[in-house]
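You will see chain A twice below: alongside chain B first, and alongside chain C after that.
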Partner chain A sequence: MNNWKERGIEKIFLLSTIISSSITLLILGFMAYMALPLLRGGLFRLLTEPWMPQQGFYGIYPMIVGTSVISLLSLLIAFPVSLGCSFLISSIGPKSLSAVFRRIVQMMTGIPTVIYGFVGIFLLVPLIREFFQGGSGMCILTAALMLGVLISPTMILFFCDSFDRVPRSYIDAADSLGANRLQTLLYVILPSAREGIVIGVLLAFGRAMGDTLVSLMIAGNSIAEPKSILDSVRTLTAHIALVIAADYESPEFRSIFACGLVLYLFITIVILAVRRLAFRKSEERA
Partner chain B sequence: MRKQYVVAALAVIFSLFVLTADCISGELEAFGGQKGTLKISGGTAHIPVMKEAAQRIMSAFPDIQISIAAGGSGVGIKQVGEGLVNIGNTGRKPTDDEIARYQLKVHQWALDGVGVVVNPKNRVKALTKAQVMDIFAGRIDNWKSVGGENRKINLYTRDEASGTREVFWEKALDKGTISPSANVVVSNGAMKSAVAQDSYGIGYVSVGHIDSTVAPVALDGVIPTIKTVKEGKYKIARGLYSNTKGEPTGLTRAFINYLYSREGRKIVEKGGFIPFP
Partner chain C sequence: MKQAGERLTIWYSWTCGLILTAAVFSILAYLLFKGAGAFHPKLIFGGVSPLKAVLLQQRVFDGLFPAVVGTLMLVSLSVSIALPIGFATGIYLAEYADFRIKNAFNLIFDILAGIPSIVVGLFGFALAVFLHKHYSSSIQPCLLISGLALAFLVLPYIIRTTQIALESLSPEIRLTALALGATKLQNLVYVLLPQSLTGMISGVILAIGRCAEDTAVIMLTGVVVAAGVPKSVFAPYEALPFYIYYISSQYTTPEELMNGYGAALLLLLLCLFLFALAFVIKKRLSYLAFYRP
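Now for the complex of A and B:
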């Protein structure tokens, strides 16, 4: 009787696992199905053509470029800053100061992205416009800077955690060999926290790629393929937000499923990379 | 003697109350006994009018709840067609296809002009239609060519679902190209704040939205104002529509009739539009 009950509960758990994991796959299938009329026109065309609905081009190439460039650049800006911050918080800074900074960073993770967007419009956009004297200030650089601020708390907290996980004995050993704090940091802590750093970077990259509001508000949303980082650009997420109001039956509307598909694949690759690294790490430990 | 004055004064005050109360119920009496929720969504240009009307109705009849959401003309049609809202507002006449697909009933209650705007600091305050077309196509890309400073022109346009964009594109640009490198903003308000912030920007908004933060640009010598649109001198204009799925009934019917009433027309005027018909 007891055994039977246990098995029943097992089955229920199995069912809920299957349901929740299959939803992810169903979403993928749904997007592929909805994008089908466009995909039939040729996946290659879709991914390489410009977006000119009036001339019959529904390609999302400019948005793919936009998303990639903005998220890579924001990572490039945020990575050194985050690394420095987490060094300070976890080892260099005095205890009391570190605690304060850690709190502030934790608070930053909770700020809604629309606020970053707003601050961007009123502070950063005019600054960039006047500094470079060309363009509207709504551009790749502005969005990347703001996204850098948005994703750095994720990275900082992740880095700090992985620094904290470095065994105390390693640091003591370095100390007893006469290494100063900087040397300990560079030659002991950093190498042993490497995997944690990579995972933090990938997660932040995923967040930068998936963010909608910041790029919608301050990247300019133009449909041209960008030539410089001062050009206005539209990301995949912003494109979805802008086109979602279009007629349901129109190819414009279909194209947002293609955008979703591309984003989905991007993020999947990032997550697989994270998994792989995390897995390898636990294997090594064992 | 003094007592009589007081009585007379009270009588005057009382009759004023009665009169104003009469006034309110005169226009709003169709809502008497109605209750429930009315959901409205769609065109951003309609929002000030919808809000004002809803406020008056709701303060007179607390049993009525009216919710108003933006989203653009496309959203308006889609949501009313699917029964998510009772009234879907559009800044363009729904296409025959849309009317047929959702059995829409179209109610036009205002005219609206779409004016080109620049930053108030900009010296350029008049353009020809040809110049506007060249600017928005990207063929003219420096303010110097049209009599302004030697700075690049920053273009602002609206998203494809926008009714304002459609009117502007059809009537001001003669369906010409809009440069792909133009910045895209999502509402009349966002357009205004973008141009108000950008000394070298140019965009377009509903005439009802033009205020001191942006400067209207005369098109072929005609400044876009409510007056010029009303007189028909300013040609870049459109109708504002409220659409219902099928013939409206109950609260929806009363609301649409209210827009056509004397008080409704005043609200429409206050919103910067021209009452229609």
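Now for the complex of A and C:
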């Protein structure tokens, strides 16, 4: 009787695991199924053609360029700052200040993304417009700056975590050789936390790619190919949010599923890379 | 030479810290400065008396009341969908699954956690279209579809915090009751779950915060600008984050913009409060939810 109950409950747990994991696959299935008619028309065409629905071009190339440019630039801006901040937290700053600063960074992860977009429109966009004298101020640079603020906490917290996980014995060895805290950080901790840093960067990159609100609100959403970082672009995520087609069979409607598919596959690659790195690191330790 | 490099690193780190702090505080201060003026019962209830609005006797047109109610309903709906299944999955992964199965499921949930919220929203929308076509033409993007899609979005958070909370229990706690003859299920219910309750609760609070702030999912699955308080789960609804997004691009009068600032401040305070609560209950877990190293 008791045994029966135990096994029954285990089955229920297993069933919910299967249900929740099937959602991951179901999303992939839906995206692929809905994008299929477009994919049949040729994957290469879809990925390289411009977006001109009136002329019959439904390519998502401009959006892929937009997403890549914005997320790479935001990473370029945020990475150096995040690295400096994690140095400050893990060894340069005084203990009490580091603790407060770490709290602030953790708190940043709780700020809603729509707030970043909202403040971006009314604070950052006018600043950029004034500074560069021209255009609407809604451009790659504006969005990348705001996204940089959004993704920094992810990087900083991961960097600090990987610094903390460097074995105590390494640090003691450096100490006994007469290294000061900064030297220990630069020549001992940093090299052995390499994987952690790469993981943090990858996750932040994924976050920048997947963000919708910031780029939708302050990148300008133009479908032309950008010539400079002061041009406006549309990202894949913003494209999904903007294309609202009444006709569910139309190629416009199909194309947003192609965008979803591209984002999905990209995130899968990032996660696989992260897991591979993390796994390698833990094997090395063992 | 090395000395100079080291001194430069110190300067550099302090500058970076200063830049980031300045950026965050200017965002917060700007919102506080602009939004504080709009912070008034009128912001939520407009011209209607609060009692009448809460009792639904009178509809609020120029206040945030319907958006606040919509957000609350949305959060409770999606968390109550995600909670049982998330807990059960977390428990299964931590206590029952063997190593290889666990690894495979971990990968799947890592991917689910990484899927951009707009893609989850698109999935919700496609689901609504699918149900509309094949089951009942009365199904359209609505509160229920949004709640379901948001539940998918926060599911990995709940699973992961539950799993970590259970896995981080010490072997002493894990083995004592078993050594006294308790069954696996008894050990789980009477020892392991009570011991890891704080971790699980902080996961739930984080999920609530995520539901309250998300805009991308709901904008594809049924949120609208003016719907009033929704009558059923099959009706469209209003929500705070979408109101903020809408006002930022479509405002016509300074008063509307003021309301937008007020709404943004309200949402920010709500999310920071939830975050602080999760943090007080269980330190560190909060951001570990992003990725389990």
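Heads up, the rule we're going with is that the second predicted complex is superposed on the first by the 262 of 286 C-alpha atoms of A that agree within 3 Å, B and C clash if a C-alpha of one lies under 4 Å from a C-alpha of the other, contacts with A are read in each partner's own complex, and residues count from 1 in each chain.
Rule of thumb we're sticking to: a contact is a pair of C-beta atoms (placed from the backbone, for glycine too) under 8 Å apart; a residue touches a chain by one contact, two chains touch by 3 or more.
All figures in this text were calculated on a predicted structure; none of them were measured in a lab.
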Check: Sharing chain A, do chain B and chain C clash or fit in the superposition?
Finding: clash
Checklist line | First, second, both or neither for A:76, with chain B first and chain C second | finding: neither
Margin query: For A:121, using the defined touch cut-off, is the partner it touches chain B, chain C, both, or neither? Pick first, second, both or neither.
Written below: both
Next item on the list: Based on the superposed arrangement, let me know which partner A:43 touches: chain B (first), chain C (second), both, or neither?
Entry: neither
Next item on the list: Return first, second, both or neither, reflecting whether A:211 touches chain B, chain C, both chains, or no partner chain.
Entry: second
Next item on the list: Have a look and say if chain B or chain C is in touch with more residues of chain A.
Entry: C
Next item on the list: With the two complexes superposed on chain A, say which partner A:137 touches: chain B (first), chain C (second), both, or neither.
Entry: first
Next item on the list: Report for A:16: first if it touches chain B alone, second if chain C alone, otherwise both or neither.
Entry: second
Note to self: Tell me the contact category for A:268 with respect to chain B and chain C: first, second, both or neither.
What the structure shows: second
Next item on the list: Name the contact category of A:173: first (chain B only), second (chain C only), both, or neither.
Entry: neither
Next item on the list: Considering only touches as defined above, state whether A:224 meets chain B (first), chain C (second), both or neither.
Entry: first
Next item on the list: Check each of 22-30, 94-102, 148-156 or 220-228 in chain C against chain B and return the one that clashes.
Entry: 220-228
Notebook entry, point to check: Do any residues of chain A touch both chain B and chain C, and if so, which are they?
Noted result: 121-122, 241, 248
Notebook entry, point to check: Considering the complex alone, what residue numbers of chain C touch chain A?
Noted result: 6, 9-10, 12-17, 19-21, 23-24, 26-27, 30-31, 34, 84-86, 88-89, 91-93, 96-97, 105, 107-112, 114-123, 126-127, 129-130, 152, 155, 159, 183-185, 209, 212-213, 215-216, 219-220, 241, 244-245, 248-249, 260, 264, 267-268, 271-272, 274-276, 279, 286-287, 290-291, 293
Margin query: Under the stated contact criterion, what part of chain A meets chain C in this complex?
Written below: 2, 5-6, 9-10, 12-14, 16-17, 19-21, 23-27, 30-31, 34, 80-85, 87-88, 92-93, 101, 104-119, 121-123, 149, 152-154, 156-158, 161-162, 165, 182-183, 186, 196, 199, 203, 206, 209-213, 217, 237, 240-241, 248, 256-257, 260, 263-264, 267-268, 270-272, 274-275, 278
Notebook entry, point to check: Considering the complex alone, what residue numbers of chain A touch chain B?
Noted result: 50-54, 62, 121-122, 125-126, 129, 133-138, 216, 220-224, 231-232, 234, 241-243, 245-248, 252
Notebook entry, point to check: Can you list the residues on chain B that touch chain A in the complex?
Noted result: 71-75, 77-78, 98, 151-152, 154, 156, 159-161, 177, 179-186, 193-194, 197-198, 200-201
